[in-house]
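In what follows, chain A forms one complex with chain B and a second complex with chain C.
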Partner chain A sequence: MRPVTECHHQPWWRRAEANRLILPAALVAVLLVAAVGLGSLGALLMQAPNMDVSRLWQEPWLSAILRFTLLQASLSTLLSLGGGVLVAVVLARRPVFPGRSLLLRVMEMSLVIPSLLALFGLVAVHGRQGWAASLLDYLPPGGTSSPAYLYGLSGIVLAHVFFNLPLSARVMLQALEQAPSAHWRLVAQLGLSRGSVWRTLEWPQIRPLLPRLAALVFTLCFTSFAIVMTLGGGPGSSTLEVALYQALKYDYDLALAALLAMTQLLICLGLWALAMKAGSHAPLVVAGGTVAGPVSRRDAHGWRRLSDAVVVLGLVGLLLPPLLAIVVAGLGGVPDLLGDGGIWLAALRSLAMASGAGLGAVMLALLLLAGSSHLRQHGRGLLASLIEGSGQLILVLPALVLGTGLFMLLRPGLGSDLQGYALVVLVNALMALPFAMQVLRAAVTGLSGAQRRLADQLAVHGWSRLRWLIWPNLRRPLALAMAYGMTLSLGDFSVIALFGSPSAPTLPMLLYQQLGSYRWQSAAATALLLLVLVVLVFAVLSALTRKLPRYVWRPGSVDTTGLTSGGETATAPATREEEP
Partner chain B sequence: MNLSTFKARKASMLPGLCLSLLLMESATPALAEDGERPTLTVYTYESFVAEWGPGPGVEKAFEAQCRCDLNFVSLGGGVDILQRLRLEGDSTQADVVLGLDMNLIEEARRLELLAPHGVDLTPLDLPISWNDDTFLPYDWGRFAFIYDSEVLPEPPKSFEELLDAPEDLKVIISDPRTSVPGLGLLLWIKHVYGDQADEAWQRLQPHILTVASGWSQAYFSLFMNGEAPMVLSYSTSPAYHMAVDETDRYQAAEFSEGHYLQIETAAMLAGSEHPELAQQFMDFVLSKDFQREIPLGNVMYPAIDLGDELPEVFGRLIDPGSFTFSPQEVSANRQSWIREWLNATSH
Partner chain C sequence: MLIADALSFHYSRAEPGQTLDFCFDMQLAPGECLAVDGPSGAGKSTLLNLIAGFLTPATGQLSWKGEDITRLKPWQRGVTTVFQDHNLFDHLPVWANIGLGMAADLRLTAEHRRRIAEGLEQVGMAEMTERLPGELSGGQRQRVALVRALLRDTPLLLLDEPFTGLDRANRETLWTQVESLKRREVAVLLVSHDVEDVEALADRRLRLVNGRLLSSVQ
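Moving on, here comes the complex of A and B:
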């Protein structure tokens, strides 16, 4: 061991003082998020002369909307999370089967495809004339009634589960895969039954995730606009944002718009506070090394193969057909697509903006998480929750309010098109922030108390600690978070539509232009290209971080320090990585 | 220093030149050519400026005569143009706004930002007379239900027939609170049924498959997937299918009660930095060079008689009677009519 005095010769970024930079940096991130979020709401409030909260009670439809929204969002959340747990456990139990990595790609995709496309795919499969309907015709009863489950509450919930189940399963799978390898080996050696594995290993690993994940999914369902309206069947099924749209755009009633926005803000932030309280204890199992070598699990044999297969097939049945419908529709337009220079420029433009948004989201998420975990370690739980909660602010603020408020704030400065695009990138980054935080949380807070103390003793600080202890655990979640951030921005139309644009369109804008001009074939091809890009982003980022880093510690060299459990073990290639 | 060079310098000071080149490809070549040409900024909506929309043709024709740069800024739709004007007020960069429909005119007029257009209205060829001195129509259409003739060979011939049709005849409509055709249908039914509008909505209710959030969702996600044989759209929609897709499958159902009109207008800003240019553009709107881009570019009727230049397919569209409320009536009653619709259709 090096003498402690030696660390004084180290550059400042390797000394203990460097750890203190975390807090100010996190504070800057919080300020940025709060300035954008609260600033835009504030700008709206400033312009609204007489706020009268009682107006909320005078609007007869408000309580009806709220009741319906709570119902559909709760149902959607319950089913998404329940199904997500099932899928995650099965996928963790089956690290190798044909098509597994493809399935993971598809799971990543469903959350980020634009709602208009998802609608198209869902209707093509589940609609009255859809594939499911023609399948049902072959069934013995042969009833003449076409399935009508797509319109109404069931359709809304189906669509929301389509969006959110894969996300939940993906995040939970990652947590399961981060369970310490020793635990998995023990489970295998003891030949535990399925129930025991669940109680001792899987549930403790998943449980800390649930409150926050539930809050995230609930918020997404609460604010979902096109899906709820279009599949709802009538004006009875609606969201607060419809009322907000009406108040802001047609009536220019800023006071009512601000009131509605604050109602949504309070409900969703309240939920987040609950979630944070429920999930504030540190994860019972600290993220550790991945499993070394394939583990033969007693609970993965025999008839249980069948039940696992059913779950996987169910997931495939939920996800694949709608996406396939989009692909099939788009194939016809591909020949025209290849010769069209405009669409490739639009794709490049979209990718450039997505990279910015992805990077921004990941950086902000890291800062916020590092700051809050630092505070939590020092016993400042409330402050830590506050910092973490600020990351969710943008998601619970209606995009319309955000856009209008920001426009009011920045109007004199919004001179060039480029600044408009930069603003879109910033807002996209903020919108992807909750997703990035969800994926990154376990990895950032991953150093256990013992590891931290040891690192302190060994004077592994600042940059070195980041590079050698945190980074190896962070690589893959970072790639996943970056991919979510990029692809969410790639498929986003809502924000770019707020600020208006010059004649150089992004991919989603092109899609809407094509739709607006009846160009179904080209629109479908553009949609296909968008899907391909989403898959590529996930695949490339996953591939880049798949290989073990070169600097991985050699076998036997440091095992005595106990530090290896903080990084990927070097004893064997990490076969429990996602891809077989 | 004029506006365009100022913009260019501002942009070049920012980091990320590659990105700026990529994003601003449309603005840069014109500046490189001649930095001294003034820029006329026109706010319009997305589909107008699309590569295949009327925008590029209009831009080329106008720039050939004005020795200026025509710069389109595209926003989501007519409502967004109005919203942008409200937010920007006097400091707006727009010289001309293109795309406010009749139902937005009153609200736009109240902003007191617009100037009289001073254009001779005699060439106008609309189904109704028009003498507004601020808003200049550049195209028009009628709301209509488009039907799939392979599924529904005998569409209803009137609203009454639709309301009395067997329950399994489904239509897809869009929400009047968030979509232009949705509001069009609301006004259409109000105009036809007056005080009995709520009753008509209740009779229509069993036929409504769903109320989509917007036209794209209704037409693309649902109708093109064959979810219902009828969808709310424009009577000109079949023109595109016939001329470009070369199919007669989708046609507009002609209702004997008549159809509600949609008229889109252009207006110039009183505070424009280039009033002569703006005026020149307004004069250009009713010229053939502008109007010939409309029929297939915007899939609407041109605002003047194009004679032989009107594509042949437009002669095969339905030609029903048409009507409209005045912009003032719409502005005064929209909220209460939407409430009436909500009460009639919510359970």
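Moving on, here comes the complex of A and C:
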């Protein structure tokens, strides 16, 4: 029989002492994020000692921009969340219909579809020469010629709703699906009406999400760049982010840039502070998971089928035509694609940068979450929240501010294009960090209290705990976080617009150049390639981690053991490591 | 001999009806099974958690065969706990769940594997080595946990309502396993409300009331 204290004589990396590395590593990550985030903001502020806050209300064009930014973001948020609730409730009520899975995948992608790409599709459908315009020509009386709703406030809100309604609906649907399946069965058994289901089950599931989801959507719309750049114009329909870009790129008015950045930051921070106070910690990204089997509900029958179908068709009508337009137009440009070496170089450049940004985001997220989880386990909740909060800080910091601040900080040393692109990768990684953290949070803090106690008692620590207990549940969220990081970087246009070189463009830059020079066919091909890459990144990373690892048993009569995990075979030594 | 000498613990917050302060005095000899029962919130889990090292006592001492183990970490104590549930990791098959108790890095030797197969055969689960916990019944999961306890070979076994919800046949199989551990000089502390379990296994009984171990029945 083993003596009482035998078990703790293990190499340090297999023992709990390995946990001591977590905090310093997390601290390094916090310092990096804080240094880059606050440092870049500080650098901008230092360069603008004459920042005059009164300009915001004394200069009419500035106050017009501020009003418009608030108006478009509020409208977009209201419509996205309102529509999102409607769609989520209908999709929860209809767990089975043809194409549902595909629709959900498309909704999940809405967070990462490059904005320039979506704009391309939206223009093809809703622009003056678009599909919708052709349909409107047939409307009585005498048709409506050249609809201009895609430009100005209506167009900006439409584009924002195109992105954020599916995102909101998908996150809310996830919350609805996480209600215990027994509750849904109870609802079915009691034959509750639609109103009663809403009051007793749906609203209580959705309500805790709303404050943070509203803050997220508002922030995304408030800091939106490419959409407003393309569909807006003039102080009448411009936003703080675009004004910031113009102040930096064209006027080099650092005082104005700092003022705009601070205004944007304070508004978003204030909103997030309110949201964090009011909301739960439910994830704001879709982290997978499955629904319980379909339950036949009383409120899903009769005329309600028709109203649900209208909602689903409305969603399909919003989402699919722009994506189809990209594919249809892109197919026409395939000959251009095959003959143009530049586009493939741009694709390679984009993929390389996206891989770097994805890896960076995942690494930083892992370190921050592991540190915060470690602190939380040791009763340091406040410090843990601060560490997690540092990762979320990036969400409210305009990407342009991050990039410009860094540029100013590193300017003496920045010379080559390569350094500029490295900066873009770093900023892209930081921009993806909040989303990567959302995906990874549950998996990193993975072991429940009971499992942790069991692992402690069995002396499963350090590397062994990671390998056997944490990794199997972490690999899929890790792939998803990597996919978010990569695709957000693939579609980045705001940071690359500042630091990219026109002679060595990424795909979004190339797309922008082609659209600017009216090379419609080539632009269509580039848009299609970008869409394919985004879909491929998700599909490949998802396929690689879809299957759970299978651990194969080898009977004791053989000398070597074969542990098969995810298709790999590891051979362990024939004899057990020497017992101390 | 396991000796708890004025082992105390204090909760700063408690549910209504739960005790805040605990102080335990008890002895448990190798090969003996001591049953502890008491109302909910009386401190049964607190006692087990203190002995297992999941909680650190405010005062008092816990010793095993004269060695002070009060401040040792859970993995340094030579204690195995079988909980009422959550004894297995859901993503690992039966053999790996047992193997973790023998080699924390799961680098199992042929001898380990032979013993795992033998242990499973003893509880009638020889064909289930590759099953996941989700594919087992409650009784089978508890049997796997007990096989791990058996093969871990630690001198102290803590049983926290391990037979709850099991049918008679399953419980009898598990009683046999616990009896075999007792014969191998393992000290067993059993927390159970069930009179049959206690009568089948316990050599002595203690009752927990308001955080104190009160009566002892031979």
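Operating definition for what follows: the second predicted complex is superposed on the first by the 310 of 580 C-alpha atoms of A that agree within 3 Å, B and C clash if a C-alpha of one lies under 4 Å from a C-alpha of the other, contacts with A are read in each partner's own complex, and residues count from 1 in each chain.
As a working rule, a contact is a pair of C-beta atoms (placed from the backbone, for glycine too) under 8 Å apart; a residue touches a chain by one contact, two chains touch by 3 or more.
Treat the numbers as computed from the prediction; the structure is a model and nothing was measured.
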Touching partner for A:Ser74 - first (chain B), second (chain C), both, neither: neither
Touching partner for A:Gly130 - first (chain B), second (chain C), both, neither: first
Chain B versus chain C as contact partner of A:Ser154, first or second or both or neither: neither
Partner chain(s) touched by A:Leu418 [first = chain B, second = chain C, both, neither]: first
Which superposed partner A:Thr200 touches (first chain B, second chain C, both, neither): neither
Which of chain B and chain C A:Arg453 touches, first, second, both or neither: second
Per-residue contact with chain A, leading partner among chain C and chain B: B
Partner chain(s) touched by A:Ser101 [first = chain B, second = chain C, both, neither]: neither
Residues of chain A at both interfaces, chain B in one complex, chain C in the other: none
In the complex with chain C, residue positions of chain A that touch it: 1-8, 10, 14, 16, 448, 450-451, 453-454, 456-461, 463-464, 467-469, 472-473, 548-549, 551-559, 561, 563, 572-577
Of chain B, residues touching chain A in the complex: 7, 10-11, 14, 16, 19-20, 22-27, 43, 46-47, 49-53, 55, 71-76, 79-80, 82-84, 86-88, 91, 107, 170, 175, 177-178, 205, 208-222, 224-228, 237, 240-241, 244-245, 297, 299, 334-335, 338, 341-342, 345-347
Of chain A, residues touching chain B in the complex: 61, 64, 116, 119-120, 123-124, 127-130, 151, 225-226, 229-236, 242, 245-246, 248-252, 342, 345, 348-349, 352, 404, 407-408, 411-412, 415-419, 421, 497-498, 500-505, 509-510, 512-520, 523
Chain C residues touching chain A - in the complex, by the definition given at the top: 52-54, 64-65, 67, 69, 72-81, 83, 86-87, 89, 91-93, 95-96, 100-101, 103-117, 129-130, 152-156, 184-186
